[in-house]
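The two complexes that follow have subunit A in common; it is paired with subunit B in the first and with subunit C in the second.
Right, the complex of A and B next:
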């Protein structure tokens, strides 16, 4: 069931209890987890934090901890499947689920005792009403058997007529039942067909902190990072992002007006969050302008930097702005102050000429100490790079802990190492995109586009991780749309496969919706993958919380694809 | 010279000034007490003689011996009192069960044929333990509070720890069991974690 008052029905319930936190592996979940941990520290609520990477992990973690804990908080996992059936908990276990995955499974919505959803009942949920999908079975049988016993006691003269009447009624009832079931199937199919994302979990927990007036600037910053993660990884629409930014802006101005005035200005070491209408160039303040322009998806796709023409256009662009190449290739912090002063406006003016209307994006930046300035996007990229780093001897939970640490202000070296890893990742993505486009690796299969990364591709190890592969997929689709002339292909979704585990011989397959300006980011590949796997009995593992990411055995690849083509055409 | 033995006892304690308890100098104490006995006997005899025969020239020597007696008494009480203070400090440092090497230095004997009643040190220690325990039990509204836990007020009751290796199950005070798996984080009472932090199983997370 949906919780209406998050303080009374969630926080005060767990206030004197011990709680298990099961947290999924994405940055929004990490930020939400940090906020909740800070609240628990305030009120001395004992908890245990366990990172989970998929459904199997979730099941194992639950089994290990179900003896000791009664209350479980699931962050960014668990809303889109029938949780009670999957985990088979005892009757007194209570699950608080704060998940951005939609659609929320109907059983989770209508269970009153064990599942509490920390989700606002927005308009975009569209949950079917109770009577459309559930029905009490007993009255049916009762009605039938009552009639039958009546029939037996009737005198024989009238028996035939009554028999016919009863039979007719039964046939009528069965027909109504079949109709109801067909309608139910249709409603459920429509409801569960598309997968998308809702409000950030970090923002939900920040609101809880705000309602209890225990919110701090750190928590506000984590909420902003959680929201930005959803935008960077293209999980929410532009409209929703702008609306949520406005919400966060209100909180930021509330915090900023609290302490600072003429006489008592804050020390330079205090944390300041500010609203920025900043450039869409990834990591540009920690890199050089040139590198950032070359490796940001937006600019790289618009200029088509994998072609010679594109490179020339970039040089023209820089010349048009009056930025000398030597300056632009330097580290951003070492650029001339005179250039840095009006940089954003100058770039915006020039990019309008080159057709890039949205080079600036609303976001937030943080500033503490003399050296430390970060944009929310920088933090997201750094933390994601740490979370999915492919160093040897590091398990998923090691990476989780590293990424979690990097979000605290006291672990700046971790953050900087994350930024370095992010730079390498972005360069790898851009090079892979360039090579895929130039060698025409993207094939149109009819209802969708398909691309397979061979084993020998450089940096292919990086792409065995789901979020990195999804990011590559999105960049590739954007680049493809820019570079192809085929009008029909521009509207197709993209499926990408990359080798995941050489020993087990599996590939990871990701599907993303088609690229468009007004895309609603709804992804139908989850159900499509399930059906295709079933029909060909391919050996697949649907372990990831996003149903559009699966693992597949290499040998079953071709028949799986064929099944998908038939399914979707 | 008179009182030298007594001063030596004091010097012995003064030499070990860092709170450790040296062995109980039974011999030294016995010698001092014997000296006191001898002085007292002599004084008694002289006082009787001075009274009965009116020999006033004995009075200075009586006075000297009396001063020596007082000095001896003062030194012996100082010695014993200082040892008691050190034993009390041991309770706060080591807890209610003393390690064997410390207990060795405490004397268990009880008899001294003297006017000063010397309680055996071990007995004193156990009585001190008992009265401290009953005091602690009376704190906190009948629930009791272990005030020997922290000498300084702690910053927080609970700390966040991260598990560095798989340690299996771990039980805390109210009976609940926690599974310590690698890379899981927990928020636990501080005193329970200290032992494991020292062993290297848990790591305190400062954020």
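Right, the complex of A and C next:
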């Protein structure tokens, strides 16, 4: 069931209890987790934190903790399957689910005892009404005798003889039931067809902190990062992003206002959050302008930097801005103050000239003391890079802890190491995009585009990770749409596959919806993957919380694709 | 050699190598029976959908029927008054009103009618041959009362309805006779006790006398169902003499084409075969097995289910009985049923297969020849849990009774991988059976001297990890079985440590022996 009063029905229930926090591997989940941890610290609530990367992980984590814990908080996982069916918990386990995955499984919505959904109801949920999808069994069986027992089951020992009229009524009722069932299937099909995301989990928990007047600037910043994660990883529509940004902005001004009279007491380690109308250039404050322009999706796709012509255009653009190349290529930190002062305006002006009307984006920045300034988007990139680091053979939970650490302002070193990783990752993505486009690796399969990264492609290990591969997928599709002349292809979704585990001979497969300004970001590949796997009995693993990300045996790739083509044509 | 004793003891304890296939099958049967009983009890609570009577419609059959509107919604008091009056016409009206109440779908007032003391009147109406309408209405009302709980049925019987209904069977009016058949079916369906009361009253000859070439199909449907109830229930079974009386007619019915008749007749056979080998023998001797096998491929689920159940029962009998079924071609019918869309059918089919796999190696060879291993492995991998459970039994039976070559063939078909995958189930019983199968396969490998190769294969398939995990299973027996496997086939010097850890007396006692096996 949906919880309406998150404070009463969630927080006050778990206070004084031991809680197991099961947290998925994405930045929004980490931020939500940080906020909740801060609240728990504040109220001395004991908890155990368990990172979970997929359904199997979640199952194991539950098994390991079900004896000690009654209350489970699931962050960004669990809403989109019938959780009780999957975990088979005892009757007294209670699950609080704060998950952005949509659609929420109807059983979760209508279970009143064990499933508590911490999900904002003003999100466009469209849950089918109870009466449309559930029927009280008693109504079917209890009242009238002569229940239509399953054909093929043992006959009953006794039978009553009914009125002729009763027989007709029964037939009529059966017909009505069949119709109802057909309608139910249709409703559920419509409801479950697309996968998409709702309000950030971090924002939900921030709101909890706020209604309890326990919100701090740190929490606010985490909520902002959570929201920004949804934007960076393209999970929500532009509309939703702008609306939620406005919400966060109100909180930011409230907090800033609160400190106004203490202006003079600002210490060196204080924290200031500010609304910015900043550039869509990734990590430029921690890089050089030039590298940032080259490796940001927006600019790189716009100039088509993988072409000679594109490189030329970039030079023209830099010249147009009137910035000396030397300044542009050196570290942003070392750029002349005079240039930096109105840099954003200069860039915006030239960008407009070059057709990049949206070079600016509403976002937030943070100052830690006087020296360190970070943009929310850059934090997301840094934390993601840590979370999916492939540098050393570290376990998922090590990476999880590191990424979590990088979000605390006490751990700027970790954050900087994340920024370095993020740069490497972005460069790898740009290079892969360029080589895929230049060597025509993107094939039109009819109903969708398909691109397969071969084993041996540079940085292929990086792309065995779901978020990195998804990001590559999005950048690649944007680049492709810019570069292709085929109008039909511009409207197609993209499926990418990359080697996952050489030993097991598996690939990771990701599907994303078509690229467009007005995209609703709804993804139908989850259902399609399931169906295709089923019909070909391909050996697939649907373990990721996003149903549009699966693992597949290498050998089954072609039959799986064929089935997908037939299915979607 | 002490080693041998221990091994043998272990084998005969929870594995079939110590063999005696009959024992093995028995075990399976009781288990199934328990399940089935539970299922049946469930079914008792429900009531089956109505099969329409053969009677085309009530008006046509009883021309002197009172119009419906006149009798609708009379109160119990009014009914009592009418039924107890002296006028035939009033009695008929009252009886019909009662029947109407008892025939409505929701909350029929069974108890109210009984408490009103109307049953003795109704039973007395049954013998009024000169008042067919009244007879019919009373028979219908009593039928419906007998369809209730055991207590309801008991009231009907105790008011002397049994002899009255049996004489009514001979009524020249077909619809009245049919109603009597139906009522007797309800009484027989109550349980062994009333079933035998009916048999004592010679219900069977009276029923069988009504089967003739021009009996309408609807009548035959009711009659077949009543016969099936007379075959039904155990503890005790129906008397053998009664079974022998009914069988020829049942066989005759099994050769008709109406699906409802076939379904009930097959259920009757399934009840008769759900017993010890002597009971099965009676059925097999009639020569009906080929027809049953044929019906396993019937298009109607309602027919193939009981046919499959009957065949499954028969193959749980002796090797000879099983051979009759194999000779009738069951192995060609099973693969399709193992892939049937309905999981319960798959389960029954694999259950039958598991019992054939418990036979001598000649029969196992027939399984292989007829290509049953691929579908079996497929069910092992993809079946629902109940089906998988039966498939696991099939593999364990196969590996315990099969020759080395046969076991090797099974492994080559992918059964080992499937079994290893199943080691993560929670059910302790299934785990034990799985571990048994693995042990059996190892013993086959031992005979070939390829234990090491198999150990490697099991490890590669992730089996070692899973078996190791099972050493921490809550269930003591599972832990021991897993532990022994590890120790015997994967151990390397860890033994001492293990011995210290073990707290169980029996285990400490046994481990030195196993050590010796290992050093061989």
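Operating definition for what follows: the second predicted complex is superposed on the first by the 537 of 569 C-alpha atoms of A that agree within 3 Å, B and C clash if a C-alpha of one lies under 4 Å from a C-alpha of the other, contacts with A are read in each partner's own complex, and residues count from 1 in each chain.
Throughout what follows, a residue touches a chain if its C-beta (ideal position, glycine included) is under 8 Å from a C-beta of that chain, and two chains touch if they have at least 3 such contacts.
Fair warning: this is a prediction, and the values are worked out from it, not measured in the lab.
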| request: Have a look at where A:169 lands relative to subunit B and subunit C in the superposition and call it first, second, both or neither. | output: second
| request: Check whether A:456 is in contact with subunit B, with subunit C, with both or with neither, and answer first, second, both or neither. | output: neither
| request: Look at A:410 in the shared chain and tell me whether it touches subunit B only, subunit C only, both, or neither; answer first, second, both or neither. | output: first
| request: Scan A:355 for contacts with subunit B and subunit C and give back first, second, both or neither. | output: neither
| task | Scan A:41 for contacts with subunit B and subunit C and give back first, second, both or neither. | result | first
| Can you list the residues on subunit A that touch subunit C in the complex? | 141, 143-149, 151-164, 166-167, 169-170, 537
| Across the complex, what residues on subunit C touch subunit A? | 39-40, 43-44, 46-53, 57-58, 100, 102-108, 140, 143-144, 146-148, 153, 179, 182, 185-186, 189-191, 225, 228-229, 232, 263-264, 267, 300-302, 304-306, 342, 344-345, 382
| field | Contacting residues of subunit B [partner subunit A, same complex] | value | 156-158, 160, 162, 176-179, 181-189, 206-207
| subunit A to subunit B touching residues, read off their complex | 18, 37, 40-41, 44-51, 64-65, 67-68, 395, 397-398, 400-401, 405, 408, 410
